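Residue numbering begins at 1 within each chain, and the chains themselves are lettered A, B and C in the order written.
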Amino acid sequence: MPINIEKSLAELEKLGADLYGKDFLLTWEKSDKELKSVFIIAELLKELHAKNVPLDMFKTGLAVSNFRDNSTRTRFSFASACNLLGLAVQDLDEGKSQIAHGETVRETANMISFLTEAVGIRDDMFIGKGHTYMQEVAEALDDGYKNGVLNQRPAVVNLQCDLDHPTQSMSDMLFIKNHFGGFDKLKGKKIAMTWAYSPSYGKPLSVPQGVICLMTRYGMNVELAHPEGYDLLPETIKVAGNNAKKSGGSFKVSNSMESAFKDADIVYPKSWAPFKVMERRTALYEKNDQPGLKDLEKECLVNNAKFKSWECDEAKMRLTKGGKAVYMHCLPADITDVSCKAGEVSASVFEKARIGTYKEAGYKPFIIAAMIAACTKKNPAKVIQSLYKSGRKRVL
Amino acid sequence: MPINIEKSLAELEKLGADLYGKDFLLTWEKSDKELKSVFIIAELLKELHAKNVPLDMFKTGLAVSNFRDNSTRTRFSFASACNLLGLAVQDLDEGKSQIAHGETVRETANMISFLTEAVGIRDDMFIGKGHTYMQEVAEALDDGYKNGVLNQRPAVVNLQCDLDHPTQSMSDMLFIKNHFGGFDKLKGKKIAMTWAYSPSYGKPLSVPQGVICLMTRYGMNVELAHPEGYDLLPETIKVAGNNAKKSGGSFKVSNSMESAFKDADIVYPKSWAPFKVMERRTALYEKNDQPGLKDLEKECLVNNAKFKSWECDEAKMRLTKGGKAVYMHCLPADITDVSCKAGEVSASVFEKARIGTYKEAGYKPFIIAAMIAACTKKNPAKVIQSLYKSGRKRVL
Amino acid sequence: MPINIEKSLAELEKLGADLYGKDFLLTWEKSDKELKSVFIIAELLKELHAKNVPLDMFKTGLAVSNFRDNSTRTRFSFASACNLLGLAVQDLDEGKSQIAHGETVRETANMISFLTEAVGIRDDMFIGKGHTYMQEVAEALDDGYKNGVLNQRPAVVNLQCDLDHPTQSMSDMLFIKNHFGGFDKLKGKKIAMTWAYSPSYGKPLSVPQGVICLMTRYGMNVELAHPEGYDLLPETIKVAGNNAKKSGGSFKVSNSMESAFKDADIVYPKSWAPFKVMERRTALYEKNDQPGLKDLEKECLVNNAKFKSWECDEAKMRLTKGGKAVYMHCLPADITDVSCKAGEVSASVFEKARIGTYKEAGYKPFIIAAMIAACTKKNPAKVIQSLYKSGRKRVL
């Protein structure tokens, strides 16, 4: 859906959201106006990229990529986003540099930031750790900037933590917003955010948590469904409930995939580990208890196996609105008979939705770039306008 | 040999070769006109670089470097080429991201390409795999572009596969073309592409295959020589034979280094493994049969050792035209008494040719950049012209 | 301390130091005028960066980062410096590319340099090796440039070797020069470069060696103090002595931390290994004698432990001029009760000095950038002037 650039720029300026000098860690810390600004910037960047407008709002500057676990997709999304804005990515590799907490975080955050404009962090493995780490980095940067160590305060962007995955959920949102034709068209739409079976265990909670906390802000009817025991973090359940009340939507938790799929406009079936398990895993990791970790994995896989029926197949899809709900996934999906014997989704359901899921992912570089632009520019609309009007071409 | 820029630009435009939107995988898929275009662009870029003209035809954009085996030289050539054009290199590290075939290739190819303009792949270890993998990536990108997932279709460049090593053979070609003073001067020149002894085993076949398939197109007399059993892939032998017929040159296979060196204008002595061995090795790798791989290595080294006399030494060089054939190598060479006890070339022969081999290698970044430019620009001559006329300096 | 840009540019031009086409390996190979030029350029770059002036004096070009041991800080400093100037960093990873000495150095240096403008090397582990390796690389580049292999001669920058750590000592110097209000204010100031206890062993000698050889050039009274046996390389002691004589300062070696701290204006307490130990360690590494290395480590840690009192604590700080000497450290420091049980500095001393040490480190990217600019530009003042006057903004 092409956008009207002048109109979007005017809307962005009028919104007057002030993210300048801030970080982007959790969607629920941000006002509706702030989220809206990021969405508008992301769509402007996507459209202008397609129109061959260079968006290099930085002529030089580093972007630090700090991945505390592996990821091709998010790594490339971040690299793409930074490159689009003119920043050069430098990886902070902990294997090489052993980063601990406390003094070391404070010092390292400053040492890598003398010429840095953005810091992207992914730290989603351990309950109670990832978000806390990002806050520590942010405080260290405040301290360095305030004390004249840094010429500029780099923006910290959450590329997935234990609580939220804002670059994912906001990409998801742009995808469905464009699918249905506008944010206003989402009111009253039903989305089923459901657990699904996977032969692996220990997938992070931040995707479902991010989705229920964001989608409930747009008047949607959000149903979270999972087998008993596969709970998300209680605080995110609370956020989702409050958001639904405020937006005029609804939020419901059930233990039935079928109930959730019933008449759903959108389904988002995805595996995760119970937060109680994640807590136990975190404790075992802290003690470096390898046998304990192996036992936990075995226990969990046995438990998961009870719920192999939680697969998004053609039969369940027929329960949805007109039998043709939008299927969403953050990728990669565990596809039955393709990437595993039994997984989150059947091959035929996935194949029909495949291009859609690629497009869903395609918003992410622009969402990340928008977060960086919003957090580092006093007036992002003016900056984008000046690039648009420059007459330069991105590709000769 | 400095070139006339205006004349080269005019020639390029007149050629009108259309590589736009295509990939560069095998030289024998390309017409003479297409190869000629790449050569002209490469020499233009080299000359303009020397003249301090910025060649940043991309203001932003990623180039993905996908190396399925190690390489300093090609890695730096690719990085240099992309940087020259204004692209930022992002490594796709399979250790980090576990890339398999099928659905995963299709998905990953799209996930890394949202803002990507070129994908360089090196996958030369396994017979029957490398080229196929590159084709899979290319098809996945077609699929993503056609379906609106990608704003642009990145060009795939073969940085060495099981069949061909086009960036090497085309650099080799520019080196000898300039040595002898023009493509027309190559007609009737004899080149000896010969096996040579090395204390290691399992060197890829793509260099000799690439050389015999390319050099036969320019009316040269190409003699391929190797010990019995050290055959190249039969299909490349066929391509070379056909090319020779068409170009008015000749192609001959012998089992004597001396025969090949006799009156040669150019010698290219280099070790490789027999393709039958490479096939066995591929099968063993697929089964992860480590003892089998060790046995195969031992067997091959024993066999190699029978042919220690296949060294390019002063005596053999005296057999060549006037005793002073041009020595070529893709580097690094196994140099007797320097990098090993007994190798492909004697120290004195190598030392005389050393700077030449460095220059031969020096064309590679420009060949790679030319392939990317040719495959991503509708009218590369016009783009280069506009950079040349910009009055900007690459280095202040 | 903001600088007067026009005045600094005029001073730089007037100095007329000629570092163009040279490398930056050891401060004691450079004239006072040359060092002064690098300092001025570094401060100009820092000020102009703060003023949002783009300093991209290269539009394209690679900078090769060759780290023969791990380092987050120096790695980021180099990456930041190169990015500031418009260069893209490409890591030369020896794990991936197995670099040996001799022919391999010569060849690799050329293979990575076809489009390269600067090569930063860190090789500080082995006595007698690091500086020699850098010289080999420099000679290889001379050879390639002279013979027409390379269009340009990249500048080699020493990011720490076995002899010197010029980017560190020159950052240290800018820090104290600005603290005291000018180079002329340093005359007669006392600096205590002292050993300090650390629970690890084998820290390189290049920091203290670099500091005593540089600080003695500015009329300072330099006292080097360490436990008996913890000697630095004799040649650096000689350089420091000669420098002190020439500059009207003094250089003294003692075995008492208290003596060194007495009335010091500046203290720089830092652990290192005796050079005799480093020599033994180098020999053991060459033989890959792992048990020998373990024994040596044990022996050294036992010896170190005799000197736990060599900690920079509040009591020792009270011995300094007015009890408030400037505390310096190259970071990371071993902080008692923070990063270890007993270390180089007490937590309270470090906390008071912490922001200062961050600022000290903050000069490093600009010192590195200044070295590269000085070694690659005929007239750096003119280049910086043109960037300053361009009216462009680094960050829109």
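Going forward, a residue touches a chain if its C-beta (ideal position, glycine included) is under 8 Å from a C-beta of that chain, and two chains touch if they have at least 3 such contacts.
Please read these numbers as outputs of a predicted model, since none were measured by experiment.
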{"item": "Path length in steps (a step moves to a chain that is touched) from subunit A to subunit C", "value": "1"}
{"item": "Same vs different contact residues, subunit A with subunit B, by half of numbers used", "value": "different"}
{"item": "Mean-CA-position distance for subunit B and subunit A (Å)", "value": "41"}
{"item": "Residues of subunit C touching at least two other chains", "value": "88"}
{"item": "Subunit C residues touching subunit A - in the complex, by the definition given at the top", "value": "49-50, 54-56, 70-73, 75-77, 79-81, 83-86, 88-89, 331-332, 335, 338-339, 355, 358-359, 361-362, 364-365, 392-396"}
{"item": "Touch list for subunit C against partner subunit B, complex", "value": "57-62, 88, 90, 92, 96-97, 102-104, 107-108, 110-112, 114-117, 144, 147-152, 376-377, 383, 386-387"}
